[in-house]
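Next come the structures, one after another.
Across the two complexes that follow, chain A remains constant while its partner is chain B and subsequently chain C.
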Partner chain A sequence: MEFISSVITFTLISIISVIGVYILTGLTGMFSLGQASFMAIGAYVSGALVVKTGMPFWMAVIIAIIISVMIGFIVGFPTVRLRRDYISLVTLGFGEAITSLLNQTQSITGGALGFSGIPKRTTLLLALISAIVCIIFASYFKTSKYGRQCIAVKSDELAAKAMGINISRIKMTAFLISVAVTSYSGALYAFYTTYVDPSIFGWKKSAEWAIMVFFGGVNSLTGSIFGTVILTALPEVLRFAAAYRVVFYSILVLLIINFKPSGLFGEYELPVGKIIKLFKGGRKEEKGNAA
Partner chain B sequence: MLLDVKGISKSFGGVKAIQNFSLTAEKGDIIGIIGPNGAGKTSAFNVISGVYTADEGTILLDGKNITKMEQYQITREGISRTFQNIRLFKGLTVLQNVMCAFDPLSKYSILGGLLPTPKRISEERKGRKMCEHYLEVVGLLPYKDERPENMAYGLQRRLEIARAIACEPKVLLLDEPAAGLNPTEVKDLTELIERLSKDFGFAILLIEHRLELVMGVSQKIYVLNFGKTIAVGTPDEVRENPEVIKAYLGEEEKKC
Partner chain C sequence: MSVQIIINGLALGAVYALIATGFSIIFNVLKFSNFSHGALMTLSAFIGYFVSVGTGLSLFPVILISMLAGGLIDLAGEFVAFRKLTIRNTSSIYYFVSSITLGTLFEGIVTIWVGPNFYNYPRFFKSMVVKFGSLIVSTSDLIMFITSFAILMILMFFIQKTRLGRALRAVSYDRDTASLMGINVYATIQMAFFISGCLAGLAGVFLGINYTLYPQLGNLVVKGFIASVIGGLGSIFGAVVGAILLGLMETLLINFIGSGYAPVFSFLIMLVFLLVRPRGIAGSNVQEKA
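What follows is the complex of A and B.
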């Protein structure tokens, strides 16, 4: 039971990180190979604030998100003006710089040995509520003017500019929202494992998230979430196959990318509005029948 | 003077794409720009709409200097355009494509981007209503929930026009709107352009190879060749101009 609950919690935390990547890569078409470093900033800053200053959990989390967004602004400011591919390069460099910084500043972060002694505050319930709130935010974001402009920028920058869209600004907005969401997932992670070390926040983590988004469907929030669930749970389910599970994982990803390049879900979104209506409609009918 | 383009030039390396091009337009004008391939017509549009910044010359819109502004600012000042090769947003429906023109001006904050605040709901409703109106103007309202890539070519051209007029321009630039259309569609398009000019009163600049269209609707025509303006005048004047005939048909060989 303990094991299952921890798998579910980790999956929920991954979902939150991937929502950040979905907004950045899925909606806006920018690749960040340093996205995991914002998870690291969220984790280390909130952890250190609670451990070293005794600050309350929520206050530490909010400060960690604000600091991440500020750093994101500094990283994003020169890059959003450039061509989209440069964002991957700049964020890759930034991400690796953050991990080595965490390794070097031993007195504060514990270096490569990791930072331990963080109290356990994240529960399954907190992770679940957080994931649901993030999903709601992201789906409203997608259908808002911001979401539309993001998709327009991804599809055709020149035409987007011709519509009067300030593309640097919209890219920055998407980047900062994704940074905020990802750093929040970092804080949840730190307060769940109670221990963090720099090695888990490298570019491989960022690439893994991008794979999850593409696997599920780069144009679909529903797909990105399912992709995360499948690809996070799969290695756990395949535990019996030991060394071969990486092979299974890779083959599955290759098959999907090869035979369904738009991902498992393509552009399909779960019609939440219709489902709610269906329930309401059903209830009305019942009332009608009773009368 | 609504639009006053004064002596703009633009070079790419050694190629002078457009040299010393001047043009004036008043409200309600329809102005044709014609010329052989590579004459610099689209380059002129790109400079006016801010895709490129002019090397020399100035562009005044309603007396305001917009020469050095960024492309998106020029659109907001009141110059919008369509593209020669259709550039619609894939991944958005027909209505959402038009909404993109309204979105930069939509007045709700990032909080409304994440939650359905009352401000967001009212702004979205307002935007949708306006954009549906523009779709109706070009006759695309029945297709509003379609994906543009699934529509016929002629309808995609119309959607580009709907998107451009949704920017509420003072000057509308149409870059070969009739390219790839069949004769019936060209006739419909001619009617649409005349109707837009009458109903909205903006100035229209029209690049077109189909002479029957451009000669039919324009009050004034500019003829370009190798980046230079070789003739300006009414359709009839231009048709008789020896320079123009030379550019289009080549020079008659002198008999020995």
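What follows is the complex of A and C.
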């Protein structure tokens, strides 16, 4: 039971991160390979604030998100004006920089040994509520004016520009929203595991999220969420074959890109109400299996 | 002392230039950032390592074998991950996901093959240093610099002066028109991948000699990416200049501040470059086409 609940919580936290990536990659067509670093910033800043200054949990989380967004602005400002390849390369460098910074500032972050002693504040319920709120937000965002502009920018930047869309601004908006969502998931992660170390926030993590979005269907929020559930929960259960797992997934994803490039779900989207219903139903089933 | 730092920086920059060039060739031809390049470096460096341990060959045959292995693996990778996308002419995001997945696959194979351990290349040189008067240069640095320089020169000549190189440039410029002119586009793309793979193999062996050999060695590919951003995405000449500049700056900074913060500074250097001169040193124009 304990194990099942931890698997579910980790999956929910991953869903929140992937929603951030979905807004950036699925809707706007930009790839951030430093997305996990924003998760690290969320985790470390909120954790350090609570442990070192005794700040209340919520305040620390909000400050962590604000700091992440500010750093995201600095990274994004020179980058969003350029062609989309730049954002992946720049964020990749950013990720390396953050990892080395976390390793070096031992007095605050504990260096490579990791940062421990964070109180456990994230519960299954909190993760579930956060995930649902994020899903609802993302689905509204997708159909809002901004979401449609994002999709236009993804499909054809030049045409979007000609329609009067401010491309750099919409790219920046999408980037900052995804940074905020991802750093929130980082805070939830830190307060669930009570321990974080720099090695888990490498660019592989960001790449994994982008793969999850594509696996489920690049235009479909439903697909992204299912992709996350499939690719997160299963490996947690099949831990024993860790190395082969990676190879297996890579081959699976290569097959999907080659033979069904729109992903498992393609453009298909469930209505929000049904998603929540389905989600609750799925959860009950899993609980029933455990009992 | 200071001359030595410059020589170290040049040697490091030369290896970065190999990475950046291999990356740029693919970027030129297919207009996407090939993130499997790093893992390919690791894979071919390990092939070179096991060949050298198994047979006791000296450095240059090992380099040749690694380059050949890198080229052939990249050919296979192109066939598995990118061929269908090229035929379908899909948008660059699919290439991106495909290349990342391919990189993950390569790294996964290396991890299964060798485990998470560290390996060291056997010592290829009798003496560790070469003396020029009062100047002491480490042999590996010298060989790295000379080999990289020679290979890059050959590559430049190949791209600028030969028929195949001209075909490569034509395909980079406009694939459809090149095809109308009777150039075999897919063969040219395969050639680009083969060259890029060879460069990855060479860079992998040098990185393995310079540091140690482990499954995540490919993460050093970031330096090559940063170098090509500084130099201007898509320009091979710019990539080389950017890489040498980055190698020099990094060696100087490491000397003053220590190696731990080096990634932070390379990132800041890149950010400053993007703010001041976003098109890079070479200034090639790479706006996204409609």
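As a working rule, the second predicted complex is superposed on the first by the 263 of 291 C-alpha atoms of A that agree within 3 Å, B and C clash if a C-alpha of one lies under 4 Å from a C-alpha of the other, contacts with A are read in each partner's own complex, and residues count from 1 in each chain.
Here is the rule we use: contacts are C-beta pairs under 8 Å (C-beta built on N, C-alpha and C of every residue); 3 or more make two chains touch, one makes a residue touch a chain.
Keep in mind the model is a prediction, meaning the values are calculated, not measured.
By the document's definition of touching, of the two partners only chain B reaches A:Ile151; chain C does not. When the two complexes are overlaid on their common chain A, residue A:Met1 makes contact with neither chain B nor chain C.
Residue contacts after overlaying the shared chain place A:Tyr140 against chain B, while chain C stays out of touching range. Look at A:Leu125: by the touch rule set out above, it reaches neither chain B nor chain C. Between chain B and chain C, it is C that contacts the larger number of residues in chain A.
In the superposition on chain A, A:Met163 contacts chain B only, with no contact to chain C. Once the two complexes are overlaid on chain A, the chain A residues touched by chain B in the first and by chain C in the second are 156, 158-159. For chain B in complex with chain A, the residues that touch the partner chain are 49-51, 70-72, 75-76, 80-81, 83, 87-92, 96, 99-106, 108, 110, 112-116, 120, 123-124, 127, 163-164, 167. If you check the complex, the residues on chain A that touch chain B are 137, 140-141, 144-149, 151-152, 154-156, 158-167, 173, 177, 219, 267. Residues 25, 29, 31, 33, 74-75, 77-79, 81-86, 88-90, 92-94, 96-97, 99-101, 103-104, 156-159, 202-204, 207-208, 210-211, 214, 218, 243-244, 246-247, 249-251, 253-254, 257-258, 261 of chain A touch chain C in their complex.
Residues 27, 32-33, 35, 80-81, 84-85, 88, 90-94, 96-98, 100-105, 107-109, 111-112, 219, 222, 225-226, 228-229, 233, 260-264, 266-268, 270-271, 274-275, 278, 286-290 of chain C are the ones touching chain A in the complex.
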